[in-house]
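Note that the chains take the letters A, B, C, D, E and F in the order they are written out, and that residue 1 is the start of every chain.
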Amino acid sequence: MPSHPSFPERLKAGSPVLTAWCGMPDPSVAGMLAHEAFDAVVMDLQHGSIDFAAALQAVPLIAAAGKPSLVRIPVGDFASASRFLDAGVSGVIAPMINTIEDARRFAAFTKFPPVGERSWGAYGALSLTRLEPGAYLQQANDLTVSFAMVETREALAIIDDILAVPGIDGIFIGPSDLSIALSGGKSVNPAGAEVEKALDHALARVRAAGKVAAIYAVSGARAAQLSAKGFHMVSIGSDISMLMAGAHAALAAARG
Amino acid sequence: MPSHPSFPERLKAGSPVLTAWCGMPDPSVAGMLAHEAFDAVVMDLQHGSIDFAAALQAVPLIAAAGKPSLVRIPVGDFASASRFLDAGVSGVIAPMINTIEDARRFAAFTKFPPVGERSWGAYGALSLTRLEPGAYLQQANDLTVSFAMVETREALAIIDDILAVPGIDGIFIGPSDLSIALSGGKSVNPAGAEVEKALDHALARVRAAGKVAAIYAVSGARAAQLSAKGFHMVSIGSDISMLMAGAHAALAAARG
Amino acid sequence: MPSHPSFPERLKAGSPVLTAWCGMPDPSVAGMLAHEAFDAVVMDLQHGSIDFAAALQAVPLIAAAGKPSLVRIPVGDFASASRFLDAGVSGVIAPMINTIEDARRFAAFTKFPPVGERSWGAYGALSLTRLEPGAYLQQANDLTVSFAMVETREALAIIDDILAVPGIDGIFIGPSDLSIALSGGKSVNPAGAEVEKALDHALARVRAAGKVAAIYAVSGARAAQLSAKGFHMVSIGSDISMLMAGAHAALAAARG
Amino acid sequence: MPSHPSFPERLKAGSPVLTAWCGMPDPSVAGMLAHEAFDAVVMDLQHGSIDFAAALQAVPLIAAAGKPSLVRIPVGDFASASRFLDAGVSGVIAPMINTIEDARRFAAFTKFPPVGERSWGAYGALSLTRLEPGAYLQQANDLTVSFAMVETREALAIIDDILAVPGIDGIFIGPSDLSIALSGGKSVNPAGAEVEKALDHALARVRAAGKVAAIYAVSGARAAQLSAKGFHMVSIGSDISMLMAGAHAALAAARG
Amino acid sequence: MPSHPSFPERLKAGSPVLTAWCGMPDPSVAGMLAHEAFDAVVMDLQHGSIDFAAALQAVPLIAAAGKPSLVRIPVGDFASASRFLDAGVSGVIAPMINTIEDARRFAAFTKFPPVGERSWGAYGALSLTRLEPGAYLQQANDLTVSFAMVETREALAIIDDILAVPGIDGIFIGPSDLSIALSGGKSVNPAGAEVEKALDHALARVRAAGKVAAIYAVSGARAAQLSAKGFHMVSIGSDISMLMAGAHAALAAARG
Amino acid sequence: MPSHPSFPERLKAGSPVLTAWCGMPDPSVAGMLAHEAFDAVVMDLQHGSIDFAAALQAVPLIAAAGKPSLVRIPVGDFASASRFLDAGVSGVIAPMINTIEDARRFAAFTKFPPVGERSWGAYGALSLTRLEPGAYLQQANDLTVSFAMVETREALAIIDDILAVPGIDGIFIGPSDLSIALSGGKSVNPAGAEVEKALDHALARVRAAGKVAAIYAVSGARAAQLSAKGFHMVSIGSDISMLMAGAHAALAAARG
């Protein structure tokens, strides 16, 4: 899009993209964080409290700060992926892509023919990109990023196949769910040794495929580690965590 | 419903039904346009910004103007079709009905047994129709219209089969997506020659099946052409386009 | 959860759980009814007008009254089941579970591995239960109740198989839809003889499986009958009916 | 207004006008109660939770049921009285009109010149009344009712003067506040002997002035008494009370 | 503000400022019209349906289009003038400024000391202007415009005195109310001879005072006339009118 | 109120009350901060973006955490003070109380007769306090706190008179506005020497009057200083500042 024409290119351009991660129900939160030093803003509709209408309202607010917006959709709600692309988001993160069929259906909803079956009606995106309909149709598949979440044993096992699906631009790792899966439901430990090994493996496979790798980090410190590993995008979560961290710091200072 | 008991009959009654097409997030827009000379109002939840809660609020506002309301649901979100019928809409338009299975699932959610599996709970519709539960159960399948959208090569190829699915009352053509499909993703040209030919073919098949044909028109002028072709319903879009046209006219007059 | 740690246990503890049933769009209604003598509050997203965002807002209001909250999700919208569990609801009711595959998919979205594939992100529930992540992961499958709705001939025919699906904690009977199904679409009669026979049968099968049985009652009087039958939970509907009953009583008194 | 052209006349036409009294935040509540046997619906912005935007949304819903709507505004917020008249309400109730100056200011905001200074912009009312601007300007002062609330000793003492203010169409008694005032803050007893005496006196003065008298009743039974006394309008409160009464009745029936 | 640092200067810079005039409840309408060829966008909280929260949400959307936003506040609600200035609007229009005291109170709420008593807390404006607090405090009185509406005989009679009040930057004429006032409540005729004469007089007095004159125009054609007269700002109303004009044009084209 | 029956007593009980200060539009923010270690939560309707409806929704969420809620109302909007007390807030902060008449009017709206003229209708508060109407009427004046803001030269000059007004329970200092006033509009410096001197003076006068003193602190560190000075309540602002501080910390950690 004009103010961020090359989000897919930016992802591959060197320094990792650091994104805010928003789940609070009010769209102004995403708008405000977009004015901070984040490179992009993700709104989480899988585990966050923000709903479709609010996330839609946030898209122009994030764009006003010159930043790309992304959404994580609820599991399997691919129709909303199309609707958010219509509104002008630069990327969609689909959770629990565990089969090649999942990946294909996701791509079908996010890419125009002949790659997929995305339906015409991108009025918000036309306004944000200032492209004519014909030009938008030609370029949209390359202007937006479809991230398949890899967060189960099944997904890890077929990561090369997922990466090979036309229209899947990258992988987004969910380290908490991955840790639950790898431990057979015994523990949630997103920075444990087994997860680390899986991250390295996944990252290598993504690089081999020439696509992009992204991941969720529970804190800034963890984001630094994951950036160093070579992820193209690291999402730092969440807005609520940041608000609480700010509150704790203020209270600590106040109470000495 | 009392004020519009014969929407399906009205569709076959002669002059084409001209509808407004609303995607703006505020339900009062649909309410206001219902007071203009449109015959019905469609709310678009596939590509519009209006969400479920807002569209629900619009239903009684449209009914207050004595007009039928319709919704276009997101791709595959058939559960919301039932919920809107519960609220009292007279028709549902389902995008991307590309297989017979798609058509069957759609009908399953919009028609009561034995035709489909629509679930009981139509409290808004009972209030708007003033029918007793038993009467509503008997009549509802005939009081409401289920439009399957035909907008891909696959759908065109099986249009007779789609029309033969019990509970599918008509076809709604999406000319933009159809043009993309027919051009293999090369261009969006909803009034091109290839699309025109497809429209004529589809219209002939719908008539042969004794069902109703509807279509989206990007402007009033285009709606006049499509009415003349014989479509039973033509939706003129959109509320945003109309607002912008009004703004352009006012600015042109102001600036001379 | 702390204030209601044993909702599944409470269901089996003797006297039936009587719940309010809320479909009005405003979350404060569910909050207010939670302060009345109901044992729990159900929010209905299948046939009610309350949407996802509003139901989410109601969860802490119901918790503030020390009561468990439940939701009935739209048909097949299992992703929202996970989201409501994230927010801290104690139970989810899934309509139209007509096949074993339906039941398995429902359980996949509501139970953590290894039973299902529920995804990590239960921030609201962590706050309400005050459990640490590891403890919540271990206990959540037993703290929350997944009700499969049995309301068709198909479902009745396989009720033992549905009850055998790991992660399905109980059955919720939809008597109106069941009456439509049993009459082949001829009538809606939720207290007819055929339905009664089906209720007795279903209740016996649930007991044999050691799980819990719940049902919707259109009035308090009907709830008394169904409680006497032995259902573990009876939902009295709806908020609108109660408002209207109150209005009728006031008008009758006013007009003499 | 077309469907209720003579609300002021209706008030004087014989049987008392019985109104619902709504304070819940959701506009659909007022819309639903308008379909019950109430003669009109009041929305309470002084002590209710409904806000300006929601009350505005309710006006067309109440009109759709063919009923007049009224609002009680917050103390001294006369600007909102004008805005609600713009939207098409048939009456405004202003609390705590304790001085002649209060009454004059209230009338200034609710009546067009030369009686008052109401400002032009009644777009909703033009739509609901289907009057041309010139006709609306001429008739509006007589189509709508301005009720001054009398609920203090000061107000009672000057009731004749308040009634004499041009543009004040009637008095609305607040019996709870009146009881607090008459007891010097010692008790709230809206049906006590002192209040009854004050009601009789006020009613006599209103009749002498040829204007209309209205009052709030905490229940249907109380409304019957107040109707019998001769009040032209009795408001039965509230929506929450009715919901709770309905809930209590349902629970009593359920628990035997 | 950075993108429109000289709104007061722009008003005096030659060609008249043409503004949209928005009263619809949804903030995205104002945001969309800001992307059209209007020079600024006014939101009307006196006679429009937009409320405080929605107008606040619109401010960053209008700013994102690089346009200044203004609000017309409800009569006498000067506190909201401050709150909108806090949010970053470039101008406030106060209706019914009929006395010098009215003008002084308005200025007190819109200008910082020593001119007025505006209170500190302009967080949105600091973000939009990117000024440091100290700089904003020094410049804000000159960056924003306070328009006193002149729309009664009283106001016309003291227009020189109103213009002389420190902090009053200009006059905004309300021609409909003025016509009602000048006709003694007999007619609403905003383009009648008596109004025209008053406009000429007011315009001359504003020029003599070196301040700015603005006015409401019911259509683009009327705006052209008023621009030609020399008004510095002409607001073309309204969003609803434009939507309806667009709908009429579309229907006329469709129905031939 | 039951969970915080002695908020006025708590204010005098020793350690200073530390409050969060919320201006974000979403009520869940106030609810979440109430679960942190703040002693109470203030919602700011003067300079914050939260509106009346949202603040009302937050009251039960804050109460659910067992904490008292307070609101700062817009300048002069005393009617909303009553409405918030109706909803169950424990305190109201009124900005710009610059005259004795201001203080009297504020107290009139917040205290029942004979102290003031607060109107009956405290339905939310009755529910939160679980008091019977008669008991609530007797105790409410002592259960809630009315803070007059002192933030101008005029107010400072008459601080003893303001403190002497019956129903004024304490003073809340606005140090930014005070700094602007004391510098004649030249600078905003809430911790400057002149302000410090004024704080000491004000604090001494409040103590002499046996009432409570509160103040706004821009950070936790400043709150520590002000607590040490002896203020009974220190509000740490704001929610946005805390969110931004959390974001800065996360980004700093992420970028090393």
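Operating definition for what follows: a contact is a pair of C-beta atoms (placed from the backbone, for glycine too) under 8 Å apart; a residue touches a chain by one contact, two chains touch by 3 or more.
For each chain, UniProt lists the protein as follows: A, B, C, D, E, F = 2,4-dihydroxyhept-2-ene-1,7-dioic acid aldolase.
All values derive from a computational prediction rather than experimental measurement.
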**Asked** Same residues or different residues: which describes how chain E and chain F meet, taking over half shared numbers as same?
**Response** different
**Complete:** Counting C-beta pairs in contact for B-E and for B-C, the higher total belongs to B-E
**Prompt:** Comparing centres built from CA atoms, which chain ends up most distant from chain F?
**Reply:** B
**Request:** Compute the centre of every chain as the mean of its C-alpha atoms, then state which one is farthest from the centre of chain E.
**Result:** C
**Message:** Please tell me the distance, in whole Å, between the geometric centres of chain A and chain F computed from their C-alpha atoms.
**Reply:** 40
**Message:** Between chain D and chain F, what distance separates the C-alpha centroids? Give it in angstrom.
**Reply:** 33
**Request:** Enumerate the residues of chain E that touch no fewer than two other chains.
**Result:** 25, 28, 49, 51, 53, 57, 240
**Message:** Is the chain-to-chain touch network here best called a line, a ring, a star, complete, or other?
**Reply:** other
**Request:** Mind listing each pair of touching chains for me?
**Result:** A-B, A-C, A-E, A-F, B-C, B-D, B-E, C-D, C-F, D-E, D-F, E-F
**Request:** Spell out the residues on chain B that touch chain E in their complex, using ranges where they run on.
**Result:** 18, 20, 24-26, 28-29, 32-33, 36-38, 49, 217, 219-221, 223-224, 227, 234, 236, 239-256
**Request:** Spell out the part of chain B that touches chain A in their complex, as residue ranges.
**Result:** 23, 25, 46-47, 49, 51, 53-54, 74-77, 95-96, 98, 151-152, 174, 176-177, 180-181, 184-185, 187-188, 240
**Complete:** In the complex, chain F touches chain D at residues 51-53, 56-57, 78-80, 82-83, 86-87, 109, 112-115, 117, 119-124, 133-134, 137
**Asked** Inside the complex, what are the residues of chain D that reach chain B?
**Response** 28, 31, 35, 57, 60-61, 63-64, 127
